[in-house]
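Note that subunit A is present in both complexes that follow, paired respectively with subunit B and with subunit C.
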Partner chain A sequence: MKLLFNYLIFPGFLFSACIGLIAGWIDRKVTARIQWRVGPPWYQNFIDIVKLLGKETIVPEGAKLTFLISPYLGLLSLILVTTILGKSVILPLESFMGDLIVVLYLLVIPAIAIIVGAASSRNPLASIGASREMKLVLGYELPFILSVVAIILKSKGAIEIGQILNHQINFGSNLFSWSGALAFIVAIFCMQAKLGFVPFDMPEAEQEIMAGVLIEYSGLPLAIFKLTKAVLLYTMPLFLIILFLGKDLSPLFIVLKYILLLVIIILIKNTNPRLRIDQALRFFWGPMTFLAGAAVILAGLGY
Partner chain B sequence: MSHKVIVPIGPYHPLQEEPEFFRLYVEGEKVIDIDIVIGYMHRGIEELSEHKHFDQVTFLVERICGICSTSHPFAYVNAMEDLAKIEVPERALFIRTIIAEMERLHSHLLWLGLAGHFIGYNTVWMWSWRYREPILDMFEMITGNRNHYAMMKIGGVRRDIRDEDIPILKKALDDLLPAVDMFKGAVMDDPVIKARLKGIGILNKQQAIDWCVVGPTARASGINIDVRKDDPYGAYDRVDWNVILEKDGDIFAKTIVRILELYESISIIRQCLDKMPKGEIDANIKDIPPGEGIGRVEAPRGECFHYVRSDGTNQPIRHKIRAPSYMNVASNKIAAVGGTISDAAITLAAVDPCYCCTERLTVLNSATNKKIMNGWDLIKLSQKKTEKLRKDLGGGDKCKI
Partner chain C sequence: MNLKLKALTKSIWVFHAACSPCNNCDIEVLDVLTPRHDVERFGIALVGSIRHADVLLVTGVPNYKTKERLKRIYNQAPQPCLVVAVGNCACGRIMFKDSYNSPCAVDEVVPVSAYIPGCPPKPEAIIAGVVKLIKKLRGQK
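Let's look at the complex of A and B:
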């Protein structure tokens, strides 16, 4: 019963979705202000979801069953991540061995769900979007995992989120060391790509392929994808806070750190054009992997 | 693996504001061929124009394009003045030039914003449209309208620029200059923009000549072509300015040409405001003699051409219009093929296309969706019509037609 509560309400689905939607509103509002626009009211993202729930779900002719299953798959696994992360922030001692690995695995599933859903929709634009998403996943996963490895090495080989937090409480946040800072830069860009924000929003590029991967979705499945994005906007910064800024996790500080990361995301989003997919791949496999590798070596040497 | 997929851009697509259809044949991300289909918005302006009297046509051609809404009337009044050999008052020429250059300012800023939007850089979009807004306000102050200014008139202009408006206009230009500096810096120094725009959508000099492109598209490929310099009209020969040339022919060059032209436009308007003489603004034309005339104007997108023929009545018997996009859109066939889909999106937009101005008549069979009438068919149809008229009027050599 308690597990179900954790999963569905706090710190799982309901809580994270609310925070994510509010964060999405902050993103829209700040973006609007940067662009000399007014921006939507605070409940805009909520009523967007509610409106989508009331719309008809149209399934394209010949679409496979995976077309309808994949949105749920992505959301369910993401909520699992959110629950694990949220619980280990509240009760660091109750985390289990290897939960970091589980989190890393489950974080890829939303992207895979998008790929599967788009590929089964039989739309050429969606399949182009799916192939872009696939290339993007291949691009950012390697540097992202390397930057996590750097943190694992810094925390004396701990693959448990509780231990990583403990290590930071004793020795200071990981960010304030050479390897931690490098890995943090890499992780920020990987987070941007995972969230699918500019400059890495080519799977959804509306001017090129008209929302690409999501083009055939409508109604409830589209709402689920939107919710997944919203929850991701809560989960990814939280994950980075745990990895890099885990010294003081009192509610006030965690909110401040979250807002700091949100500001970084919004700034990157608003000061860059969209990259081409080959440029994004080159960016992740070139400079980012190099930086992440350097971070791993530095962490291994103890810096 | 060769797997050809068709990516449709159009007829209705978020990339373009107007209905047109680009059929991209792609392999993976690479565009290997492109079909350009226009003709969704044919309005029959030329035919309409032949049923209105000369003064009304000025307002009609203003509606050809919402952005070059002064270039078309400007070219039309040039054609009419060429036809009727009208001496236009000096002050009117300066006012026309000021309006035309202000139009270039707002059009180039509009394109810059759209270009930003097409590469996913919405901040540039919103910012450049914000700085376009004061120019529209200036238009409203001078002409009373934000978009269709209705300033041109055969033999002059309809409204004068009041003396008390001139300092306000100068102030607006002064305020615009830092913004243009900022955009120039933002485009020239941003490595990501450079990575997206440099070396893609290339139209080299020879290709540009072969495809007869005009305006900033041609100037970015190193062709020194500008009606304002080559065949001066308005007050362009009375002020000092430069034609902006780039030689790379890629999207980056096209962007730079347009941004640098903003500086030239500001300088032209300032000089015009200083040199503008006092006096009449209208030659008060009453009658149009029979004859024919052409008018050429450098619209923000390139050369805009009008041909008018009069038979002494108060309506043109032939009015031929060629908007600049008609030449430029076809060059996408060269520029967009070989790039990726992402490049194609910005390449298609980089000629600053304006489809409504460009439309030509096409006749489709709705059942088979095949074109049943092309240019040659239309010529044959026209010959048939002439033949029929000949017969109706009695035929023979005395026939008027």
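Let's look at the complex of A and C:
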């Protein structure tokens, strides 16, 4: 019963979706202000979701069952991540062995769900989007995991989120060391790619391949994909806060740190053009992997 | 039901189908999204896929090719989907009425819910048309 409550309401689905949708609104509003527009009201994203629930769901001819299942798959696994992260922020000592690795695995599933859904929708533009998403996942996973490895090394090989938090509470945030700072830079870019924001939004490039991976989705499944995006906008910054800025986790400080990360995301988003997929791959496998490797070595040496 | 309708009128996603216009109307449609008029504050956004759209916005006179495309696009849209004809061309074909390559007007292909006349219509006129469309939706209840 308590588990279900955790999963569906408090650190889980309802809470994270609300925060994510509001963060999505902040993003839209700030973007609008940067472009000298007024921007939508704060409840806009909620209304979008409600509206999509009332629309017809169209299944393209010849699409497989995976077309309808994959959105749920992505959202459910993502909520599991939010629940684990939220629980371990509230009670750092109750986390289980190896939950960091579970979180890393589960964080890939939304991307895989998008790829599977797009590939089974039998639309050429969707398959271009799916192939780009696949390459992007291959690109950012390596540096992202390397930067997490740097953190693991820094906290004496702990693969429990709770222990990483404890280590930071005792010895200061990971960000304020050489290896931590390098890994943080890498993780910021990987977060941007995971969220699918400019400059890494080529799977959904509106101007080239329409909505790309989401092109055939309408109604309820589309709403679920939008919710997944919103929850991800809550989960990824929270994950980075836990890994890099875990010294003071009182509610006020969490909110401040979250807003800081959100500002970084929005700034990157609004000051960059979209990269081509080969440029993105080169960026992640070149400089980013190099930086992450350097962070791992520095962490191994104890800096 | 009521909530659905309210959400629909507060978040209109528009798919723009250009059926051989002269492009002036398209430019005016884009003007509506620019900082001066900024319709995103009413929740109106331009989307790239007809599957996401609530409003199908048509400009221009359909010719033999675009007529078929228009019909297909309309059939691909998830219901409820409304059609708005922007510009004199789409409303009534003006001087292309007797042209050899203009088989029919937009409203003979798809059911049109709102006409916005003008050649091209001013952005203000387009916004006024959208307001009328929303009023019509609410009146239907």
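Please note the rule applied: the second predicted complex is superposed on the first by the 303 of 303 C-alpha atoms of A that agree within 3 Å, B and C clash if a C-alpha of one lies under 4 Å from a C-alpha of the other, contacts with A are read in each partner's own complex, and residues count from 1 in each chain.
Just so we're on the same page, contacts are C-beta pairs under 8 Å (C-beta built on N, C-alpha and C of every residue); 3 or more make two chains touch, one makes a residue touch a chain.
This one's a predicted model, so the numbers in the text were calculated from it and none came from an experiment.
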item	value
Partner chain in contact with A:37 - subunit B first, subunit C second, else both or neither	both
Touched partner set for A:271, first subunit B, second subunit C, both or neither	first
Contacts of A:210 with subunit B and subunit C, given as first, second, both or neither	both
First, second, both or neither for A:57, with subunit B first and subunit C second	second
Contacts of A:160 with subunit B and subunit C, given as first, second, both or neither	neither
Which of subunit B and subunit C A:141 touches, first, second, both or neither	neither
First, second, both or neither for A:47, with subunit B first and subunit C second	second
Subunit A positions touched by subunit B in one structure and by subunit C in the second	35-37, 206-207, 210
Touching residues (chain side subunit A, partner subunit C) in the complex	28, 32, 35-41, 44, 47-48, 50-51, 53-58, 206-207, 210-211, 214-219, 222
Parts of subunit C lying in touch with subunit A, wherever the complex brings them together	3-4, 7-8, 10-11, 35, 38, 40-43, 47-49, 51-52, 54, 76, 78-80
Contacting residues of subunit A [partner subunit B, same complex]	31, 34-37, 124-125, 127-128, 131-132, 198-199, 201-202, 205-210, 270-279
Partner subunit A, residues of subunit B touching it in the complex	5-7, 13-15, 26, 28-29, 116-127, 130, 192-193, 195-196, 340-345
